[in-house]
Each structure stands twice: as structure tokens, then as C-alpha cells.
Amino acid sequence: MLKFIKRSAKKTGLAPGTLVHVGERKVEKIRIRTIEFDEQAINEREFETIDECLPLQEKHTVNWINIDGLHDVSVVEEIGNRFGLHSLVMEDILHTDQRPKMEDFEDYIFIVAKMLSFDQERNELKAEQLSLVLGRNYVVTFQERAGDVFEPVRERLRKGKGRIRGMPPDYLAYALIDAVVDHYFIVLEKIGETVESLEEELVTNPTPETLQIIHHLKRELIFLRKSVWPLRELISRLERGEASLVQEKTTVFLRDVYDHTIQVIDTVESLRDMVSGMLDVYLSSLSNRMNEVMKVLTIIATIFIPMTFIAGIYGMNFEVMPELKWPWGYPLVWCVILAIGMVMLGYFKKKKWL
Amino acid sequence: MLKFIKRSAKKTGLAPGTLVHVGERKVEKIRIRTIEFDEQAINEREFETIDECLPLQEKHTVNWINIDGLHDVSVVEEIGNRFGLHSLVMEDILHTDQRPKMEDFEDYIFIVAKMLSFDQERNELKAEQLSLVLGRNYVVTFQERAGDVFEPVRERLRKGKGRIRGMPPDYLAYALIDAVVDHYFIVLEKIGETVESLEEELVTNPTPETLQIIHHLKRELIFLRKSVWPLRELISRLERGEASLVQEKTTVFLRDVYDHTIQVIDTVESLRDMVSGMLDVYLSSLSNRMNEVMKVLTIIATIFIPMTFIAGIYGMNFEVMPELKWPWGYPLVWCVILAIGMVMLGYFKKKKWL
Amino acid sequence: MLKFIKRSAKKTGLAPGTLVHVGERKVEKIRIRTIEFDEQAINEREFETIDECLPLQEKHTVNWINIDGLHDVSVVEEIGNRFGLHSLVMEDILHTDQRPKMEDFEDYIFIVAKMLSFDQERNELKAEQLSLVLGRNYVVTFQERAGDVFEPVRERLRKGKGRIRGMPPDYLAYALIDAVVDHYFIVLEKIGETVESLEEELVTNPTPETLQIIHHLKRELIFLRKSVWPLRELISRLERGEASLVQEKTTVFLRDVYDHTIQVIDTVESLRDMVSGMLDVYLSSLSNRMNEVMKVLTIIATIFIPMTFIAGIYGMNFEVMPELKWPWGYPLVWCVILAIGMVMLGYFKKKKWL
Amino acid sequence: MLKFIKRSAKKTGLAPGTLVHVGERKVEKIRIRTIEFDEQAINEREFETIDECLPLQEKHTVNWINIDGLHDVSVVEEIGNRFGLHSLVMEDILHTDQRPKMEDFEDYIFIVAKMLSFDQERNELKAEQLSLVLGRNYVVTFQERAGDVFEPVRERLRKGKGRIRGMPPDYLAYALIDAVVDHYFIVLEKIGETVESLEEELVTNPTPETLQIIHHLKRELIFLRKSVWPLRELISRLERGEASLVQEKTTVFLRDVYDHTIQVIDTVESLRDMVSGMLDVYLSSLSNRMNEVMKVLTIIATIFIPMTFIAGIYGMNFEVMPELKWPWGYPLVWCVILAIGMVMLGYFKKKKWL
Amino acid sequence: MLKFIKRSAKKTGLAPGTLVHVGERKVEKIRIRTIEFDEQAINEREFETIDECLPLQEKHTVNWINIDGLHDVSVVEEIGNRFGLHSLVMEDILHTDQRPKMEDFEDYIFIVAKMLSFDQERNELKAEQLSLVLGRNYVVTFQERAGDVFEPVRERLRKGKGRIRGMPPDYLAYALIDAVVDHYFIVLEKIGETVESLEEELVTNPTPETLQIIHHLKRELIFLRKSVWPLRELISRLERGEASLVQEKTTVFLRDVYDHTIQVIDTVESLRDMVSGMLDVYLSSLSNRMNEVMKVLTIIATIFIPMTFIAGIYGMNFEVMPELKWPWGYPLVWCVILAIGMVMLGYFKKKKWL
């Protein structure tokens, strides 16, 4: 989270619309892939430079241009100019710390979302920014690195499964957002597993490190919520038909993603509740342990201190101490000592300390 | 709750509208029951396959088709096709982790709700998804397993009790939702009993296990709230007449269920407050016990440590210790020791530690 | 609160509109009283059965029918039929666990409110349901038991004090709600006294029982809030003129009750804050006591343990221990011991432990 | 706060509009002062009875009638009748536990606000109710006691400073409310000083009394917030031009007071946050002290207990104990004992307990 | 924060619109700089008195007048009169404790914002008020001291970078607000660093001072939030086109700043969550330390107390104690003592206390 602040601070002082890549460079080479399809045909190609793939053939097909890697500002600029994107949109694409948002520019819609993954080794949430531009006959997507959650969508396109091939570009945009949201469930599942194993650890062997992990997890969940919450609003606005580029028959599908987003948010809240509860359990288990330590100390001390006192008495060197002369004095003292011990043990049993 | 995340994650990557049963298989065989009625007659039948019961006889009767068991995707598909349901509706019926919701498709209304039960042995809330499709002259309900909360409704249908026989299908839908909500009160009663017995246990003999159960219960209440809260909104939308299929004379009844839902939510909140309060009581009872342990230790130690010191003094082997020669030395020492004990006890009495 | 859940659960499975009395039977015999008045005359009567008092004489008078006791379902049914009440209204009258609410049926308005009293002996809030039906020329009120908060209203009616005699039935309804809300202040005063005395107890002598009472009080305040909060909304809706039966000149009075309701809610919130604060005080006073116990133990132990060690040294039986032969050895040891004690006491004084 | 409840309870059962003074009698004699002014002239007078000062001369001047003291109901009644005030308004003027509010009666606006002062000796907030009636050519203000925050306004009127003399009565009303809100800053400053000195005390010498004061202050801040919060809404409604008596050129000034009110609320929230934080500091300082006490005990006990054990060994009376015969036995034992002490001290140093 | 209250209190009793400088005098001499520009030319000048720079040459240029230092009331008054500003606006400019706000006076828009900086040495947030008046062909900015965050904007103006030179004054106003918001990211970065280093300190070596800093930081974050939150609303209102002086082509840029503001707020919330979590960690680390102290005490005491008891037994002086005569008595006692020690150590190992 702190890294995020630093990156934002880096841009301070530049003119709005200045194209600078803000974020980690996550990939070696930019890769451009296009998929052009209609109900009959599909054409998948890969390019190294942006010039090769533009301009779009002006057919009645849907064109999906996917760019992996953002460090080359000129690529974004080129695409932006070809499609007539606002300079602020280009800036936002390059600036990978955007909140998820949707902006409607009449001719095109600009959508930002977060692709998430969870590293179970280090309990760390990783985010990658997805920028999506939906135009009349194209969808352009920008990702920070190669490898994404869209493979099932491509598969459906290639095999013509489902209705995706015969639908307009807004359906493709929906399908991509849907893939992003679907992937959240996998992230949630992994976090859920971590939470569960942590809970077990908490009961069997809580350590200060457990507390550290709980706090870390709490923070990751806050970050997750921050990524999903604005997405909910974004999809809701699309679904309500605010954007003219989204056709009515797509809205019923958007309602479906919307429901999924709410489920994700609900689950995040549940996980947060669980993690908060774990903190209480941790603290009360600390108190419990302290109690146990104190009990042991108290039992030992309260049994032996009076006994030692008795022994101390008969260690005194008074000349006149008749008991010392008694032949049964010594065994008697032992009896007294043992009686004290018994009484004490009985008392602790009554108190349920043993 | 975690199981729920896993199940959702399982669907990731499938095309929207793909019909896959997501959820536990809870029943051996699918059972289809139809009740067809109007004011004069009622006809109750049971089928093994969906083909036998369709198409509906095009009479002016109300048809209620109830399906127990969802693992056979084809049944849902068949029904969906016959009644012209959207593919996403069919998907939602099969995907048993929906949030309660209502969707209006003009020709029919799709409603999802949760039937709950509470297992007092294991303090566990069990949920079953009820999907309800309300059309112009039919109601179709999908349940995950046999056995439901609708027996009283069926009884009223059979005996013609109340107004249910002469009313349109939206009244039947209302009656079914009402039965679901009514059952929540039984669940709440059981949870209430558990909470009460837990409270008693907390006062008499709190253990770390009690804390575990409190946390478990807290989570079940969160889950319960998540099932009821969206239901409230759903019913409110129905009642406000948003859906054209719901006739005005039914809305007054929906207002009644709405009130019940709010009562359920209120009670859930009260139970949550009680359970949260129990956590405070548990923690302060831990502190109290620690206090008691410490007091015992302190009383014993502070009484005997000075006494032992006195005994230690006269155990010294100095050649010149005049007290040792006194004939009344020994009894005098005892007096001193007892005096110390008395003073200490008096002090503790003053401090109210005894 | 738990009793409340059980009672609601009892009705599960009945058809909506089924008339069953749900609640405790709080009175032996039903009592029906009517007051019929206009600016000139007032006529107060009492009946044993409902048939005697109906139908209303169709004069231009205001009729107030008050029924104490709800266990006889037929009375409610009879009245309901005469005044044309909806079956759900009759059900709600008999079902005494309603939330306060207002329903407008054009011809009449149905209002539910809670009359509260506080038993200071057992720190218990008692609630009685008031159902009020306001028609064109009548007001019918249903109470669970004899004895109510309306005596001042009756007095004003009898003596013609204030404007009440010359006003329409909606003003009477207002006057009754006003009486209910006014009584809340008495309840709040009593709870306030309990809170104050509890606060004193907390400072002087906190016990685990105090904690129990604090939690109990907290719960009663939640219950109180639940009774008043919906009332606020109810009155607000009446005041905004949503119901056609409420005349404009009455709304200014309703605004007044509305202000009172907000005052009640404010006070409830303040009391809740006070009670929550008491929990903090209780817990920190536990910590304080523990601190004090520990200090006593530490002071005694750290003073005497070193002294006892010195005594132990000269209790050793080495043959060569020159100090034992010194004639001033014994007094010297005493000096050392006292010096240790002085140093310790000085240290504790510096630490402000004494 | 509890006094407030009792006073409200006192009115229970009276007819609405009954004029009874509810509140403490804070002044001996009622004092009536009038200021009549226009741009040219100003005329200030003082009366003993209300008859002398009424009726207003029907000139185009602004009349400000200020009444100190409310115990004489007839004065309020008289004024109410002359200006045609609603009986509920008169009741509210006399009932000094109103929430701040604004009511628009077309011919006049009725405003209630709270004048506050803070007694730093007893950390107590004192409130006085200001009722203000704004008519077409007059402003009437009712206060509970002599002495108010309006002296600067009077001074401006007398000297003709600012624009106040040439403005209509709504500007005067604004100026008075502004004076009330301005005074809140003085109250906040005093509370702020108390909080600061308390914070210092908390660090240097926290006592259970400090906790009591923190809780007391917390409550006073809640009370303060309750006085300011509704004022904000009130002014906002005036500023939005809801009341026809408020002219447009005054609204820009009302916006200014509105900003001040928000500043007051912000500051109250900040102070509450500070006071809440102090509670945490107090509790953790308790824990710290306990830690320190425990450390001292542990250091002393763990150093001397093993030493005493060694001494005890050589205090045994076995006939065959070769060490006792060694000529260097005694010095050797001292060496062993000192070595144990050194090791222990080293261990504590390593643990950073010293 | 307390200083802030005091300053506000200082103005109490003055007429609204009275021009008094409220705030610290932060600069020696007032400095006036003007930048006059259009697409072709730019003209930058500096003045000592306000008369020199006014009136504006009535060209079609954009004029930016920047004033550093507010202690000379006459300067503000002069400018206010020249540009026809409302007296309350002039008052607000001089009163440097305004909340961020926007007021639209048709002819000009008045905007207040806070320029922040963070002193990492003293963990202190410093705020300076920026007042901005946007007119038809001018922008006037008032700052409390020399040195600001606008240097990049000036640079862009001078070099004609970006679109700023060809845009109307509302774009300049946007650019200035953007510079202010951009600077918040630098402040957040610094606070983030402090939080991170504090977190490390918390794990390695928590002291009561750490707690003090945590609380201090928490308060600074509250203050930061109070500065940013109203800014969000302000920009949102500008962006929605509420003010006629803001042209439509500027709104897309305002939407961009708006997004940044939300990012700032999000980050502030995250930082607050982190700081709150640190408090929990601190408290539980206190408990942990206490646990450790207790364990050491318990281990030492429970091992040596029984051993000392054994030694005490054989220090008794009974005449008949057969063990004392045994030749192997002494070694045997040592064996018993060591056995007790072993058993104890084993027990603690099992308990995982060692």
C-alpha cells in the first residue's frame, strides 16, 4: 500500500495529460495481440509494433486489441491518437494506480479495473491494472504484464461456444469484466484457506507472529475491498444503461456480474469479520495463558510458603523450646506440614484451579 | 462460509449461461410435484420426469410445480425452455450460492430466497436455496432437497382454508415467501435458546471453548443476516408494485411479510448485540479470575513471608543473642508472629479482599 | 427479548389473516369503554360485550372505543367486521409483538405503538401493545391489559380542558399518541435514576453483579430504542400529511410529538453512551484493583525476601564463620536488615507506590 | 443530562399548549428590553411589565424585544397573544429543554437555539435556551436569565457599525444566531484547554480520578454535539430560502454562520477523538505500570530466592556435611551466592528489564 | 488543533464582514506577483503595493495575481473592492481557519483549499490556506507565506508546455487546485514512511513513547482527512457544472482531480486503519511482555521454593531426627532436591514455557 503512495507522488508537478508510465515495469517486451471476429469467422494475430495492426479493417467485425506491457509510452499514444482518446484517458492507462472507474466519452467508454492474484506463500495480494476502451466496433485492453484471466474468453471466441461470437463489442467488454470478477472468487478462496489454517494455528499454538499475519491479512482485505467496491458502482452504472454504447440485451448480463460483485463484497466483509474475531481470540488466549501461569505460581507458592514457615519455626535456636525435646516432635511436624498441604490442595480443587 | 467461496470459485471461466450445478448434491432422486387449483378444484400429482408434467393445461387455474433436487441439469433446462426463461435465470437456479434477489422479466418474475434451519447440536445454520419463478398462471419452485417449509401452505390449498384458493399465482408466491420468513422465527428461537444457555454457562463456568462457541455463533448470525437483509429489499420492491405481475390486492399481504422480515432483522441485531456483550462478559470474567488468583497468592505470601523472616532471625547462630536465653523467648516469638498475622488479616479485611 | 422470539415462532404455518391471540394473557376479563363527545356534550359508558356498544350512533360526534384485553378473538373480529377492517389488521391487533407502524387504508388508519413501563426492582422494561384505528368519526384503541397512560386525556375530555372537545378524531388520535410518548419520559427518568445509582456503585464497590446489571440495562435500552425508533418515522409520515384522514390543523401538533420522540431517542442514545462508558470504567477499575493487589504483594515480598536471606546466611552451620563470634554481630545484622527495609521503602516512595 | 429527563417527565399528562414553565428558575425578576431602530435612529428602553412595551409603534422600524427570565408564564402568554403565536410555540418557549429547531408559521418564524458556557472548575457545560421569534418587523428573544452573548450585537446597533442598522429584521435574527455560534468557539477553546491539561496529567500522573474526568468530559461533548447538530440543519434550512421571511440578501450571511456551525461540529468531533484516545492511553499506562511492578517483584524474587536456598542448605543439621568443616567453606558460599546474583542481573540486563 | 480553536474564538463578537487577519503572521513582507498570458505572450511581474498592479489591462488575456502574506488587511480590501468581492469573502480570505469550500457569486467563484506539508522531524502536519478567486478574465490567489506548490504550473506557463496557455482562467484555477492535490501525495508518502518505520519500532522495541507517537499520528491523519474531505465535495460541485464560470471542456479535467482526491481519501483511510492496527499490536505486545515476566518469576519461584522447604526441614533442631544421623543423609537430600528441580523443569518444558 505504501508503494502505491510513492508511485503517485512521483507524478507530482507534471502537466495533466503528460504521458509517463507510473508503476513497476513488469514485462520485458510489449506484446500486441488482436482478435477480429464475427459470427462466421475469427482471426487471431500477434504483432510487435502498433503500426502493423492499425488501422482496423473497416468491416462489420468486432476487433479486440490486447496490449501486454505499458512501459513504452509511444504505443499508448499511437493507439490513443488512432482511436481519438482524450489525453487524460491515455494518462490514466499509463498511471497504474487508478481506482476502478468508468468514464463515458460518447464515442467510447473507458473502464479501469483491477486483476488480482494472491500469493499464499507471502500472504500477499498482487494487483494488475486492466484498462479497457470500448468503442463502436472495437475493444482495446491494456495490461501491465503478459498472462491474464482472459484465456477462457479467448477459448470461447475460438470455439464459438456460447453467444459471444454473434454479439456486439459491449458483450465482449462484459465478458472480460466477468472474467476479472470470476477470478476474484479464486483469490477469495485462497485467502479463505489461509484464514482457516490461521484459525487452527490460533487455537493450537498462538505466537506473536500469528498476530502479525492477522494484521497483514486484515490490510490485504482492506485493499481487496478498495479494488472491488468501486467496481460495483461502475458495473451498476453500465447496467442502468447510462452509457449509450451498451445495448439493452447486454444489461441483463451486466446485472449478473453485478450480483457476483456484491457476492465478492459480502465475502470480503465476512472474511474481515472472521479476521477481526481472530484478534479477540488471540488476546483472550493471551489472558488465558497468563491465568494458567499465575495459577501454577500461586499453587506452588501457597502450598510451600506455610510449610517453610513451620520448618523455620523449629529451626530457631531458643534454649527453651519444649517441642524439640518431644520424641514424636519431628513426625508431628511432618503431619502438620502434610495437613497444610492437603487443606491447600482441597481449597484449590474447590476453586477448580486443579 | 468458506465452503461457499470454494463453490463459487469452481465456476470460474465458464461462459455465462452455462448450466452447471454448483453446490452439494443433497438428494438422491429428483422429485417433481404439481398442484393445480382454482376456487372449485385442486389436483395434486407427482412425477418422475419433467416431460410427463408439461405442457400445462391451458386452463384458468393456478399451477404450482415444485422440484426437489437440482443435480440433474436437464430438468432445469427443460423447464426453462418450456417457460421461456433466460439462460442466466437457469444458471442462477443451479448455482445455489445466490444472494436472495428478485428479477423482473416482464413475462415472469424470478425470485431467490434462502430456507434456513438451525442444528442445535453443532450450533450450525443450514441453508437451502429456494428459486421461485412466478408467471402469469404458474409458480415454479426449485429446492435443493426434499422436505421444506411449505407443508402448511399445501394444507391450506388442500382444505381450501383462507383465501388462497381463489387468488392468482402472485398470492401463492406470497404465501410461499411468507412460509419461508415464518420459518426464520423458528430458527431465531433455537438460536435464542442456545444464546441463553450459553449465557448461563458463561456465568457459572466459562472455558476457552465457550469463547469458541460465542465466535461461531457470531458468525452464524452474520450469515443469517446476509440471508435476510436482501430479502427485505426484494419484498419491498415487490410491495411497491415494481413488478407488473403482482396485483394490487396482494401488496397489502406483501407489506405484512415485509414487517415480519424487519422483525427478523431486528431480532438478529438484538442477538448479535447479546453475543457481543457475552464476549465482554467473558473477558471481564477472565480478569476477575486472575484477580482472585492474585488475591489468594498475595494473602498467603504477605502473611507468611514476614513470619518466616522472624523465624529466620532466631535460627541464626550468633553466640550473643540474648533473646534465645530468655525463658519466655519462644512463646514471645509466637506472639509476635501471630500479631503480624492478625494485622495482615485485618488489613485485607479493610481492603475487602476477604 | 427471547420470549418475543418464541411467541412469534408460535404462529408459524398459519394462514395470513388467521385470528389467533399471540402474547401473554394479561387480564381476566375484557373491558370495553366508549367515550362519545362533541363540543357540547360527552357521554362515557362501559360494556361487557361488543354487541351492546355497536353500531355507532351516526351523529356528528367523535367516538372513542377502548378495549382492554385481547384474549377473546371474537371481540376483535366483531369490531373488525363492523368497521370494515382488513383481516391483516385484525391479525396485527391480536399479535402483540408488532413493531410500531402506521398503515393507511384510505377509510381508516391503523397505528401500532408500544406503551412502556420500567420496573425498577428488577430493572426490567415492560411493554404493552397499543393498536389504534382512526376512522372518519371514531377512534378504536386496543390494549393488552387494564390501566393505561390515557387517564389525563380522559380527564381533559371530561372537563373540556384544552381544545380537545372541539377537534376531529385525528386530534384525539394525536392526543393518545402524545400521552404514550409523554410516558416515555417517565420511563427514561426511572432508567436514568438506575443508571446514576449504578454509577455510584461502580466507583465505590464494583462486583461482577454490577457488570451483569450493566449488560442487562444495555439490552433494555436497545429494546427501548427499538420501540421508539419506528414511532418517529410513523409520526413523521402522519405529520407530512401522507394520510388523508389527518387534517392540516392537526399536523402542527404532530410536529410537536415528533420533536418529543426525537428527544426520547436522543436521551436513549445518551443513556446508552453512559452505560457503555460504565463498562470501560468497570474494566479499568478491575485493572486498578489488580494493580493494587500486585503492589501490596510486591512491597511485602521485596522487603522481606532480602531480609530473610540475611537471616538465612547466619543460620548456616559453618564451623568457621567469624561474624558469629563478634559480640556486636547480632545487633549489626539487625542494622543491616533495617537498612535494607529503609532503602526498599524509600524506593517505593519514589515510585509512588506508597 | 439526567436532570433534563426529570424536567421533561414533569410535564407528562398536561394538554398540549398548556403553558407551564419547565426548567430551573434562573433569575429573580423578569426584565424586558426593547431596541427599536432604523438606519437613522435607535431607541433603547427597558420595562418591568409587558403591557408597557406593547403594542409596537407601526413604523418602518425594526423592533427587538428581549425578555430575560421565563418563570412568569403570563408574560409569554401576553406576547404570544399580541403577536398571534401558536399555543405550541408559547409552550416551547417555556419548556426549556427543546432541541434546537426552526418552525415556519408563514407570518413568523420560531427558532430555538442553545447558548452554552463552560465552567472550567467543575468541567461542566451550562446551557441556556434562546427562543427567537422573527416577524415582519420585529424580533422577540426569550432567555432564561440575564446576561447573554448579544452585547456585541447591541454595541453594533448603538454605534451603527457594520450594515446591521439598515437591514431588515431577518438580518438581526441572523446576527443573534451568529453571536450564539461565535460563542461556541469560546466554549470549545475552554474545553480544549481542559483536554490539553488532562493529557499532560495522563502522562505524568494518571489516577482513577483522571478516568472519571475523561468520562465526564466525553459526556459533555456528547451534550455539546446534541446542541449544535440540529442547529446546523436549522441554519441550512433558513439559508436554502425555505422560509419566506428570510430575504435573499441575508442568505449569504446565513451561509457564513452555516460554515461556522460545521467548523464547531468538526472541532467537537476532533475533541471527542482526542478524549477517546486518552482512554486508550490511560488503559495502556495501567498495563505499563503493572508491568513495571511485576518486573521489580520478579527481579528481587528471582535474585534472592536461589540465594536463600543456598543459605538454607548450609543451615541443615546433618552430622555428616563435609563442607561445613572446610576452613574456606563460608567464603566459598558467599562467592557462589554472589555469582548467582551476577548471573541473574546479567540475564535481566539482556532482557532489557533493567 | 487546539491552536485552531483559539484563533477562531478570537474573532467572537465582531460584526460579520469585519476585516481582521486571524492566524499566525507567517511572512515579513507582502509580495504581489502577476502573470498575464495568452497563447502568444506571457508577462510576469512583481509588485510591492497593490495599487501598482491594478487595474487590469482590459485585454483578452488571463491575469493571475498571486499574493503572499495576509497580515496587511488593506491589500485584501483593495483587491476586494476592485474586483467587487463580497465583504464575507474578504473576511474569509483573512480568516485562515476556513474549511475548504466553494462559493459561487455569479461574477466570480470563491474557493478555499489547504496546502499541506509534513514535518517528519516532529511528525507534524502544517497547513496553509489558499484562497482563490476565479473571475471572467482573472484568477487571484492568496497565500499565507511565500513558497508554494505552484512552481510547476508557472513553469508550464512560461514554457508554454501543455495546453495551459491557450485555455481560459477556469483551466488555470483547475491547474492550481490540481497542484495542491498532487502535493498531498507527497505528504502522504512522508506520513507513510513514518508509519512504516514506526511499525518496525513497534515490533523490535515498543516504548510508551511509541504509543504517544501513534496517537499523535492518528490525530494528524484526522486533521488531514478534515482538509481533504470537503475538497472532494467542492471539486465534485465544480465538475458537475454548477458554476457557470467553469466551461464544459474544463470539467473532464476536474473529473481527473476529483479521482485524485478520492485516491487521497482512500489512502488516508488506509493509513488510519494501519495506525489503529498498531495500537492493537502495541497493547498485545504489552501483554506478551507481562506473560514473559510472569513466566520467569514462576519458573524460578516454583523450582526453588520446594527446594528451600526441604532445606528448611533439615534445619530444624529436633532432638530426635534420625535422618540427620544417617551417613548418606546429606547426599540423599541433595538428590531429592535435584529430583524436584528436574521434575519442575520437565513440567515447564511440557507446558512450552521454556
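To keep things simple, chains are lettered A, B, C, D and E as they appear, and every chain counts its residues starting from 1.
By definition in this document, a residue touches a chain if its C-beta (ideal position, glycine included) is under 8 Å from a C-beta of that chain, and two chains touch if they have at least 3 such contacts.
Everything quoted here is computed from the prediction, not taken from an experiment.
J.: Shared touching chains for chain D and chain E?
T.: none
J.: Indicate whether more than half of the residue numbers at the chain A-chain E interface occur in both copies; give same if so and different if not.
T.: Answer different: the two copies use largely distinct residue numbers here.
J.: What whole-number Å value describes the gap between the mean CA coordinates of chain A and chain B?
T.: Measuring from centre to centre gives 26 Å for this pair.
J.: When the centre of a chain is set as the mean of its C-alpha atoms, what distance in Å lies between chain B and chain E?
T.: Chain B and chain E have C-alpha centres separated by 43 Å.
J.: In chain E, which residues are in touch with two or more of the other chains?
T.: Counting only residues that touch two or more other chains, chain E contributes 283, 287, 290, 294, 297, 301, 305, 308, 312, 315-317, 321.
J.: Can you tell me which positions in chain C touch chain B when the two form their complex?
T.: 1-2, 4-6, 8-9, 11-18, 86, 88, 91-92, 97-99, 101, 103, 205, 208, 211-212, 215, 218-219, 222-223, 226, 279, 282-283, 286-287, 289-290, 292-294, 296-297, 300-301, 304-305, 307-308, 311-312, 314-317, 321, 323-327, 329-330, 333
J.: Which of the residues in chain C come into contact with chain D in the complex?
T.: So the residues of chain C touching chain D come out as 151-152, 156, 161-164, 175, 178-179, 182-183, 185-186, 188-189, 192-193, 195-196, 203, 252-253, 255-256, 259, 262-263, 266-267, 270, 273-274, 277, 280-281, 283-285, 287-288, 290-291, 294-295, 297-298, 301-302, 305-306, 308-309, 312-313, 315-321, 351-353.
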